[in-house]
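After this come two complexes, each holding subunit A, first together with subunit B and then together with subunit C.
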Partner chain A sequence: MNTKFLFLKMILAVNLLSGLAVSSHAKLNVVATTPDFGAIAREIGGDDLVQVNVLAKPTEDPHFVDPKPSYIVKLSKADILIEGGAELEMGWMPPLIDGARNSKIALGKPGRVLCAEGLALLEVPAILDRSMGDIHALGNPHFMTDPMNARQTAKRICDTFSALDQEHSAAYRQRLEDFNKRLNEKMQTWKKQMEPFKGKSLVAYHNSWPYFAKCFGVKIELFLEPKPGIPPTPAHLVEVISTMKQENIGIIIVEPYQNRKTAETVAEKTNATIVEFSQYPGGVKGTEVGYIELIDYLVNTLVTALSKERLAEEHKP
Partner chain B sequence: MKTLLYCLLMIPALWAVCSCSAAGDEATTNTLEELKQLRLRMDALEKKIAEDKQGPPVMTLGRAGSAYMNVSFDILFNAGWSSTPDAKEIEPGCHDPSQRGFSIRNAELALDGAVDPYFKAFADVVFMTDFEDTTDLELEEAYALTTSLPYGLQIKPGRFFVEFGRQNTQHPHSWDFVDQPLVLNRMFGEDGLRQNGMRLSWLVPTPNYTEIMLGMFNGQGGDAYSFRYLGEDDEEGFRRMYGHATTSRSIKGMGDFLYVPRIASSFDLTDVQTLVLGASAAVGPNDTGDDTRTLIYGLDTFWKWKSSHAEGGWPFVTWQTEILARNFEAGADEEAGLPSETLRDWGLYSQVQWGFMRPWSAGLRGEYVTGNNSASAEANEERATTTRVSPNVTWYPSEFSKIRLQYNHDWREYAQNADAVWLQLEFMLGAHAAHKF
Partner chain C sequence: MSEAFSIMMWPFLACLLLPGILIYMGLHVVRREIIFVDLALAQVAAMGICLAIVLGHDAHDWQTIAWSAGFTLVGAVILTLTRPSGLRVPQEAIIGIIYVVAAAAGLLLLSRSPEGNEELRRTLVGEVLLVRPNEVLHTFAIFMVVGAVHIIFRRQFMLLSFNQEQGRSQGLRLWFWDFLFYVLFGVVVTSFVRIGGVLLVFSYLIIPAVSARLLVTSLPAQIAVGWIVATVSSVVGLYCSYQLDLPTGAAIVCALGLTLLLVAIGRYVVRSR
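Our next item is the complex of A and B:
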């Protein structure tokens, strides 16, 4: 009886182990820190060839994500880690990487992708001083709001996938081509849509939109936060309201995790419209599908709001 | 007359020659000047072309996070009052506010970074001012972490806070309250359980996070309070631990080290709630007898909810509980008339932090610690039953500073109830490594 059970246990064990060892066509295991990289990884990789896990939620503040232990598990199994590399994630990624013990995603390895590498970042501070708020030493880290940076990122990701999974590199390159084709077509449309509003000034809650502004020709230089990362103060909001009235700024950009009430107070006093933006696919409804869909939504929403504002002005007595 | 005429003629001639050559000089100078200007313009244009290609020259020195090492200095400054004239009577932790008035009990210089592709390291030095305004200085932690061992293994050699429970490893500036929980003070002493040694950890390949650790340490000195610690001087200058005389035991074999096993698991209950459960034990010899040993065991839980639309991390709720128990075998002390006995102590704390609105949070902690009766009256006094409740409120001007106001009320077994009010300020300079969850 005893030996029979032992034998059974051994068979079970062997089955389990072999089940663990041999997986059906191993997909590339990709972890992305934020949903923008995740969306592009999914498009270039495809559901059949890569499995993408995203750590930060599209609706939460990406500076302050909790380094949950479950993320350690995800990172320990990753073949590739895609992160911004512009210090946006430095408040929460390091303990996760320490705990993950995964040499495949160590700095310098092909499996570690720092998307900011090779990009020209805006707003690199000449002086590092915290009295200026929570500034990032390498520059403004929200570079993915410019589709041209997304193009570079997509290429980086494609190169990484191809290098680590040479068997399917043709598929990745094809998907990159498709992505670029779609993006280029859309860029023409977006630029045309935004053309009539070149030079227009907008207000944002936080300084996460300089790349978007540069790409589409608008000015986003006034913020509800007095300094980056410092919550809006009553004194500063008074200044913002007066500037908005002086310069006739009628749009306030707010992201899903930012204090809506504060923005609404300012909007009320200045007769401005609040436009819901997000840096991440899935941050606002209708943008879940992917990166291009997100930018499409942003441009359309902004254009609608700006057109309305223009109409209202033209019909002013 | 001729000479005079000759001279007179010379003057205009000279003047003509001078002005010609001057004009010539001027022409040359002009040309030279023009050439110089052209060259300057060309240089400027070439520079601009180069710049446009690669962006303006940037010089950022000492960039946080991208330098070889993070350096930070984190200061905790206390101001407050206790109903007991000696605040240390109710605030026994060495990083707790220590006196009526002002105190700095934790000014921490921390360094961390990658050593090479194989190790990360962390070290910190702590400064504390005491009642006589002298400064104590300690090498608090100095350890390395392997980064690329296979099979999910990691080794941590050095000097560090032992991984028992949750709070023992946390530095005071990341605590949710201004003082050390009473039960941790009872079991681990005023500084926490902190030793030289090594810890092996295994990230178990389960779908949810599970980590198993085993640490091996010297287990001696004041920071191994319940283990090979000779205790305090009595009136005659003999060192005693819980009334029992102590003798220094040397390490005779592997069994004389302090062993600390731990297992911790984490569960994402929902998208916005995480639960971490842990169990730990610490076992090793103590100095009250030839083969007396101490066993401490504990359970810890940590639950966090954070809004899916959290701004800067707000709003959130955390709930942390630790319960510990200790069996301390005390050897017979014939001179003092004490038999060999086992001192049993246990206690717990449970604390909630509610980040209700950025940048404020409110907290409440309840604690209880008690012990069985000992033959030593001294031991009973030291191990008195205490219950404490501590509400507090914290304001975070930024992630680098905080101002906390806390009130403690103690119910004590052998003394009057006590109160304390503390205001604590934290300010942090530089780049500090991000904290674990």
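Our next item is the complex of A and C:
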């Protein structure tokens, strides 16, 4: 028994020493839960001033992420934790944060950034009822697909960086301005591209696109899942197929971690096109660079698919 | 290295303190040739959890634990009633049927619940990496109680698994001890499944027992060898999980499998000399 206690004491002693050593490094150590926040943090911080680590892979469902030892290591060394909040990471983050025992990223500390805070979230339920499926009390947490929310998130991140690393706050502000400028320019192009398709309906697997739909004037109100988080059932799919035929909906949006086979079955029955979407930079090939490139990809792929659909309709006898 | 300790300390303690009783029960289970009984009981308990979730309880509510305990008890009754002596089917078949039907019923129940997939995956692989200190201590306390019952009635349990004929001639009520064995076994398995998941429970139960039976014959020696195999594999698995950043439970299972392979090769080499 004695040796065991000695062992524990040694562990504790070494921990204390290493804790002191870590606190004196120069770059801000930033952990982002999902790649979209990571991309924006890189945009604002740059490789020279911050070190960004992203936990979830872009091809992983943000609601269910497999915990690995390195996640706790990264969290224990973080100066800043950027997360979506609004229950997006509820299923996997809390025990990791407990395990990391890092007071800098404790709730309420300046190092903890909850991006959903201060945003007007959609679909906040009037009554909370489990029978509705996997709904979120604070609203739909997939808010980053609206570039205007990304803009606010970038500002939040810039404020946090500036507060915790005042020496470089001018650089952070400058990069935020650059980002906003690029985003605004792109935004006008995107809106122009989407203009001819205002009011078009699309089908999605999971309800992760209400913000995108609202921003770009399309309707994404029909889902392959009968309720959010509940796998598609035969009866529901039959209903979806008949609605798609009635309303002439020809496009199904699928994300990397969703069951493609279900979408393919429905597409076969309705002659619809499957469009590969991702909420995260890197989730689909060609979107690895950053957030603006991701939205650019989404708009372009969607416009291509919608144009083809329109062309086919015009040639129908 | 210090970092590794601070993160892996509770998983390490869990893998050091908890498998002891599993190894001992594993020797019983391997001897009685009811290898998959743990999977069946774990799945029956998981079905209880699924039902509780569908009824609107949280995975950690006491109602959930009660449902899962109740189902485990029913499982124990079924296993006791299907003792091989009277029936013309091997008990292993019954165990397999219990397993698949419980698993399928769980799937049906969870298809109505949004957290279904997550919960199913959790019962399979567990979250030994994120084990909380009080979980380890609670489970250890439960195992101490179960261990104490096994020590007090060791004569009966030994006769039950290792020498049934003699037990019967001494007038032992086999069905009663069988039932008690399954109840205690169900308690151990279901409380460890909450931490380690089905895969890890099965591995800790069977692999050390099989390794030990390959190497030594007396029961105390088998327990000792089993414990060494489990501990060495746990340390290797945890170390690899940390160094190579792999899912912890799966890493330990593979380390256990590798140890068994080495034991088997070692035995072959020694024998053939």
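Simple rule for what comes next: the second predicted complex is superposed on the first by the 292 of 317 C-alpha atoms of A that agree within 3 Å, B and C clash if a C-alpha of one lies under 4 Å from a C-alpha of the other, contacts with A are read in each partner's own complex, and residues count from 1 in each chain.
Operating definition for what follows: a contact is a pair of C-beta atoms (placed from the backbone, for glycine too) under 8 Å apart; a residue touches a chain by one contact, two chains touch by 3 or more.
If you're wondering where the values come from, they're calculated on a predicted model, not measured in any experiment.
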Worksheet item: Just from the overlay, do subunit B and subunit C fit on subunit A, or is there a clash?
Response: clash
Item to complete: Answer with first, second, both or neither: which of subunit B and subunit C does A:196 touch in the superposed model?
Response: neither
Practice prompt. In the overlay, answer first, second, both or neither for which of subunit B and subunit C A:256 touches.
Written response: first
Item to complete: With both structures superposed, pick whichever of subunit B and subunit C touches the larger number of subunit A residues.
Response: B
Discussion item. According to the stated criteria, A:228 is in contact with first (subunit B), second (subunit C), both, or neither; which is it?
Written reply: second
Discussion item. On the A-aligned overlay, A:67 touches which partner chain: subunit B = first, subunit C = second, or both, or neither?
Written reply: both
Fill in: Touching partner for A:76 - first (subunit B), second (subunit C), both, neither
both
Worksheet item: Of the partners subunit B and subunit C, which touch A:93 in the superposed model: first, second, both, neither?
Response: first
Worksheet, complete the sentence: Check: subunit A residues flagged as touching subunit B and also subunit C 63-64, 66-70, 72-73, 76, 91, 95, 98-99, 101, 130, 133-134, 229-231
Worksheet, complete the sentence: Listed in rising order, the residues of subunit B that touch subunit A in the complex are 55, 58-66, 114, 117, 120, 145-149, 152-154, 203, 206-209, 211, 264, 266, 268, 271, 274, 276, 304, 306-313, 358-359, 398-400, 433-437
Worksheet entry | Complex contacts: residues of subunit A adjacent to subunit C | 11, 14-15, 17-18, 63-64, 66-70, 72-73, 76, 91, 95-96, 98-99, 101, 130, 133-134, 227-231, 233
Response to the item:
The answer for subunit A against subunit B in the complex is residues 57, 59-61, 63-64, 66-70, 72-73, 76, 87, 90-95, 98-101, 103, 106-108, 120, 124-126, 128, 130, 133-134, 137-138, 229-231, 256-259
Worksheet, complete the sentence: Given the complex, residues on subunit C that touch subunit A span 1-3, 5-9, 56, 111-118, 121, 127, 129-130, 132, 241-242, 245-248
